[in-house]
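By letter and in written order, the chains are A, B, C and D; residue numbering begins at 1 in each of them.
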Amino acid sequence: MAIVNETHTEHRNMQEHHGTARYWIVYGALLAFTLLTVITGRMHLPTFGLLLALVIATVKGTLVLLFFMHLIDHKGANRLVMGVSLLFVILMIAAPMADFATRFRGSNPPGSHVSDLKDLNFPEAQGDAIHGGSHDLKNPSTHP
Amino acid sequence: MTPSSSPTAEGVLPGHDDAGGHAEHHHHPNYLVDGTTVKSWLLTIDHKRIGLMFLASVLFFFLVGGVFALALRVELLTPGPTVMDAMTYNRAFTLHGLIMIFLFMIPAIPAAFGNFMVPLMLGAKDVAFPRLNLASFYIYVTGAVLMVWGMLNGGLDTGWTFYAPYSIHTTTTVAPVLFGAFVIGFSSIATGLNFIVTVHTMRAPGITWFKLPLFVWAIYATSCIQVLATPVIGLLTLLVVGENLFDFGLFDPARGGDPVLFQHLFWFYSHPAVYIMVLPAFGVMSEVVAAYSRKNIFGYRAVAYSSLGIAFVGFFAWGHHMFVSGQSTFDAGIFGVLTMLVGVFTAIKVFNWVGTVYKGAVDFRTPFAYFCGFLFFTVFGGMTGIAVGTVSLDVPWHDTYFVVAHFHFIMVGATIMAFLAAIHYWFPKMFGRMYHEGWGLVSAALIILGFNATFIPQFLLGNYGMPRRYYEYPERFQALNVASTAGATLLAFGFVIIAIYLTYALFYGRASGKNPWRSTGYEWVSESPPPTHNFVGPQPTFPEEPHYYLAPKKDEVKDV
Amino acid sequence: MSSAPAAHGAAPGPKFAEHFASLEVQNHAARLGMWLFLSTEILLFAGLFVCYACYRFLYPEAFAQASRHLDLTLGTVNTLVLITSSLTAALAVHYAKEAKNNLVAVMVGLTLLMAVGFLVIKGFEYSHKFHEGTLPGKHYHFAGLQLPGAPMYFTIYFLTTGLHALHVTIGMGVLGWMGLRALTQKSFGPNNYTGMELASMYWHLVDLVWIFLFPMLYLV
Amino acid sequence: MSDIANKILFLPERASTFADRVDVLHYFVVGTTMVMSAGVGLAALFFFFRYRRRVPNQTTEYVTPDLKTEFLFVSVPLVFFLAWFAIGFRDFTWVTTPPKDAMDVYVMGKQWMWKFAYPEGPNGVNVLHVPANRPVRLLITSRDVLHSFFVPAFRIKMDALPGRYTQVWFEATKPGTYQVLCTEYCGLSHSKMLAEVVVLAPEDFEEWLKEQQRGRLQGRQDALADTSLVPPVARMAEQGEKLAGSQGCLKCHTVDGSPHVGPTFLGLYDREEKLADGQTVRVDEAYITQSMMDPGAHLVVGYQNVMPTYQGKLQGPETAAIVEYLKTLRTANVREASPEGPAYDPIQ
């Protein structure tokens, strides 16, 4: 039995023999990036700290995907699978976040920075973070 | 080249008059009689037998779900209590929704007909991972048992959407039912994964991507959704069970959680899931319309691409279930536009089906009768989908019977019509026997009529303002409710007739011959019923695209 | 069928299922199937990532403070342990291809050792939280941090790391099985290493998830 | 003209400015839906007859659409759909963005009733009074699970989220009484969670408001007087109150006098209770305890046997604490026992 469109690239790529050097180099890079992310993480960079950490994580992840998991040697279909799932994850995160960021402030969880309501579970922690109480509901706008 | 040059086109007619009677004509017994022990069925890895076992299970659950639907309709005959109390009613519609969706509709076409037909249509001996295929069936059974057991012992009263925080606080049985749904998810994933790999790696020489039968395209697109969406509902069911047992507070507003976030996650699966339910139906109908009008598909590529388009864009329309949930206006806008785009892909398909009949040679058989119903229901159901997708219009319509009518129009109107068409179209292929055409047409008419009578009043009820999931209702809604119940009775009648004549045909129907419809669909190239390994002799090749009726056919099978 | 693969290897050959066109196609099918499976795993975790992203967006302050209550040193050590185990898993595939079955077993053994180490360290971290009372949702009773959103952080912390630990455990099972095969059957070779390859892919995914969880939980 | 259309489509009376906008688009969309489904259906039917099969093995031309046809297939629906979206989204933004001068009313859903509170003072249960021809903004919340506030005649609907506020606004156009329905499934009596909006002419509304304020002041003084008489609550009762919340009693029983799934706890102790079997009992410690351990033994008339047994779930002292708590509810010591509900302050 045969199959159409048979190509041999994946087979050839996988069959091709490399030494172990490739793995060690990737390993080294992963260690270095881990170090980097811990150091920058300890600095608690104000706004883009988490972003930077995620960028580093993405680089590390890509290395693992491409070399440890051999995606670089595999066929297009396999790459497509990975690409599509990552795209979906990103969009799936983006839409609910956009929702929280743009909804009527009163509909957000009380005590969060996009809400003006008090969280009754933590009455003593209100402090200065919360301003105005429910009066801000008076502001009849949909957006914060 | 014409299809007639394919080596098996002039095959041997099975021509037997009882199951497997003359199977010994050729040394390859058909799959139905190749091993008759119970074990040979239960432990089979033959995709055809697994497909049949799925078919039997989904039919059983359709019956159960349908009986509960009738119970709901009976309860709604009068404004007050009729035959059950409120708690029972709430459990009944939850059970109806959950069974119809998870145990019937999602596996109905892909796991039953997809399993049977896809390998045949690819000229393959089996799916890529036959054992996984069998495992998928048993996982389904396990999940089904858990779910049904839970619903009988306590019963869940949350509706099939099990929205937080109600589902977190309800005193009814959440854990087994939702855990059952979680388990069934694995079955769905396994089947989808299997089909994707099968389509990638098992196509016979000659079947390039754009010579795939459209049913295969539809199943392929469906499988992509199954693989990508199902894990999310799996996680969500677990989280709700966890919340119910341990109070994590992830979706509980009393602990800072957000119930709207729950809805985002729920619909991230459940909106694409509606395309899991309808895309295979579209696939079936593409086959049926071509076969009975003896025409190539008008705009093959457009239909194929639109399946992928629906699968892709369909993922990002989920927020249209949440227009009045407290979701932001901005998100409502984004989801509103994307919802409209999905509609366009379906419109492309509809127009191309009509185009296929154009200049065709129509043979008005039972499956074709269902095609007619399907066409009307898809346009009406789909367009009412667009109507509720129109943001401001959804404000009055949301959670009223208008929505109930919309989704029954598509799920019953489109998908069940396709499911019935598939049963009738492929019955000879699967069992080598014919059913009574007259009864087929009569019951089709009855079902189409009964269907309209059931659900058109529900559109009006929705306009009138009757909310869904109502055990009792204000007096003024009664007339329309009675009409709907009457329609449902007619509908049920139709199903009973089908059940009777198909059961009869299964045992006493006359032999159908190899290809009673003279279809050029790839699956008809092998015997009917096919032998265990699908082909006798060398692997078939497919020189022409499926449903190619252009050249005069000198050596086609004469008659049945 | 008739066109049984020429690639059909030497004596302890791979299992060839006859419904495939060739061994090559069979291997591709196995890999594609694995990638699809991994993508379902990614979307499974994605559900929790969505929760994380949203609540972290809502309660940035609480998340930052709560994350200080994790032990960064233990977290970093665990990250290094997992990355190293990923290396040994990759090397196991490499040696499988070279038919060095004993080395495969050694590499798998090392991987498992690190996996156990990872879980033990995780266990220490968990028990510390149980003592402190930084537990999910209703069970949260840590007086030192009373901010809206803090219990949510720990809910997500326990759910994500718990799900991850479950995957570590499953991965250990799969790797262990392959290690046993290398030891007892000694059958891995240039034509027969797909089993090891898939097991290691699974392990790398577990690593991959942690690569993201680490900054998300420890470094906010 | 549009009245006839409304009859055919079973649309309810149109009594708000939003309803006018919605209905216009409604006709457009539903009209197109009917035309298109009939069109597609008829075209297909026509083809079925026109192109009947004449010989069994008939062959057919190989017809494929040209680019222009395909373009038409895509663009015609797209134009319609996008137009609907544009109009619909404009209206939706309109209805979710209340005008600045709108009058505020707080709406709280709870299983299974609606409560209304006006900034000016009066509260109401299940009846909302509003003036005609004046924008009213509803700030909607819930005390327990999701509900949804739906007034068919106004064509508005908005979910009530526990502990959060959502908003929607309307301007009623004519005085009258309009039904409110709950459209988000909320449990056992979801379908009974009905209320009314009474739209009054502006003058009548002012009048009503004044009357309410007088009455409310009176009520407040009574309440104050009552509370001052209440003896300090014993620790046991306090614990019982907590248990009643955490064990879920308050999901079915209220403490404010309104019936729920079960009878209210308010004034329960020492009451003569009519049972379903026709007998009456005096509610005492033993009866309350039995109700918790074996709820089916005595059914109160008018209620269903849905209360779960707490046998094995409550320990002796806990049961006693709950009994003590119920005993404190003998007086008019009404407070919103809302252990997990939202902050719901009637606005001064």
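In this text, a residue touches a chain if its C-beta (ideal position, glycine included) is under 8 Å from a C-beta of that chain, and two chains touch if they have at least 3 such contacts.
Protein identities per chain, from UniProt: A = Cytochrome c oxidase subunit 4; B = Cytochrome c oxidase subunit 1; C = Cytochrome c oxidase subunit 3; D = cytochrome-c oxidase.
Here the structure is a predicted model, which means the values were calculated and not measured.
> Which one chain sits nearest the middle, judging by mean Cα positions?
Chain closest to the assembly's C-alpha mean: B.
> Any idea whether A-C or A-B has more C-beta pairs in contact?
Output for the comparison: A-C.
> Please report how many Å separate the Cα centroid of subunit A from that of subunit C, as a whole number.
Computed value for the inter-centroid distance: 17 Å.
> Quick one: report the Å distance separating subunit B from subunit C, using the average Cα coordinate of each chain.
35
> Provide the C-alpha centroid distance between subunit A and subunit D (cytochrome-c oxidase), rounded to the nearest whole angstrom.
So the centre of subunit A lies 38 Å away from the centre of subunit D (cytochrome-c oxidase).
> Could you check subunit C for residues that touch two or more other chains and list them?
1, 19-21, 25, 28, 32, 36, 39, 43, 46, 50, 54, 58-59, 148-149
> Among the residues of subunit D (cytochrome-c oxidase), pick out those that touch two or more other chains and give their numbers.
93, 96-97, 161, 163-164, 166, 342
> Listing for subunit A: what residues touch at least two other chains?
1-3, 77, 84-85, 88, 92, 96, 100-101, 104, 107-112, 119, 121, 142, in rising order.
> So which chains end up touching which?
Result for touching pairs of chains: A-B, A-C, A-D, B-C, B-D.
> Which subunit B residues qualify as touching subunit D (cytochrome-c oxidase) in the complex?
Result: residues 85-87, 90, 157-159, 163, 165-166, 169-171, 253-254, 259-260, 293-296, 298-300, 302, 323-326, 329, 332-333, 336-337, 339-341, 343-344, 347-348, 350-355, 357-364, 372, 375-376, 379-380, 383-384, 386-387, 389-393, 395-396, 398-400, 460-461, 463-465, 467-474, 480, 518, 548-553, 556, 559 of subunit B touch subunit D (cytochrome-c oxidase).
> Quick check on the complex: what are the subunit B residues that touch subunit C?
124-126, 128-130, 189, 193-194, 196-197, 200-202, 227-232, 234-236, 239, 242, 246-250, 252, 255-258, 261, 264-265, 538-539
> So in the complex, the part of subunit C that touches subunit A is made up of which residues?
Subunit C reaches subunit A through residues 1, 3, 19-22, 24-25, 27-28, 31-32, 35-36, 38-39, 42-43, 46, 49-50, 53-54, 56-61, 64, 72, 76, 79-80, 83-84, 86-87, 89-91, 94, 97, 146-149, 190, 197, 200-201, 204-205, 207-208, 211-212, 214-216, 218-220.
> Can you tell me which positions in subunit A touch subunit D (cytochrome-c oxidase) when the two form their complex?
Those residues of subunit A that touch subunit D (cytochrome-c oxidase) are 104, 106-110, 117-118, 120, 134, 137-138, 140-142.
> How about subunit D (cytochrome-c oxidase): which of its residues touch subunit A in the complex?
So the residues of subunit D (cytochrome-c oxidase) in touch with subunit A come to 93, 96-100, 102, 104, 137, 139, 161, 163-167, 169, 342-343, 345, 347.
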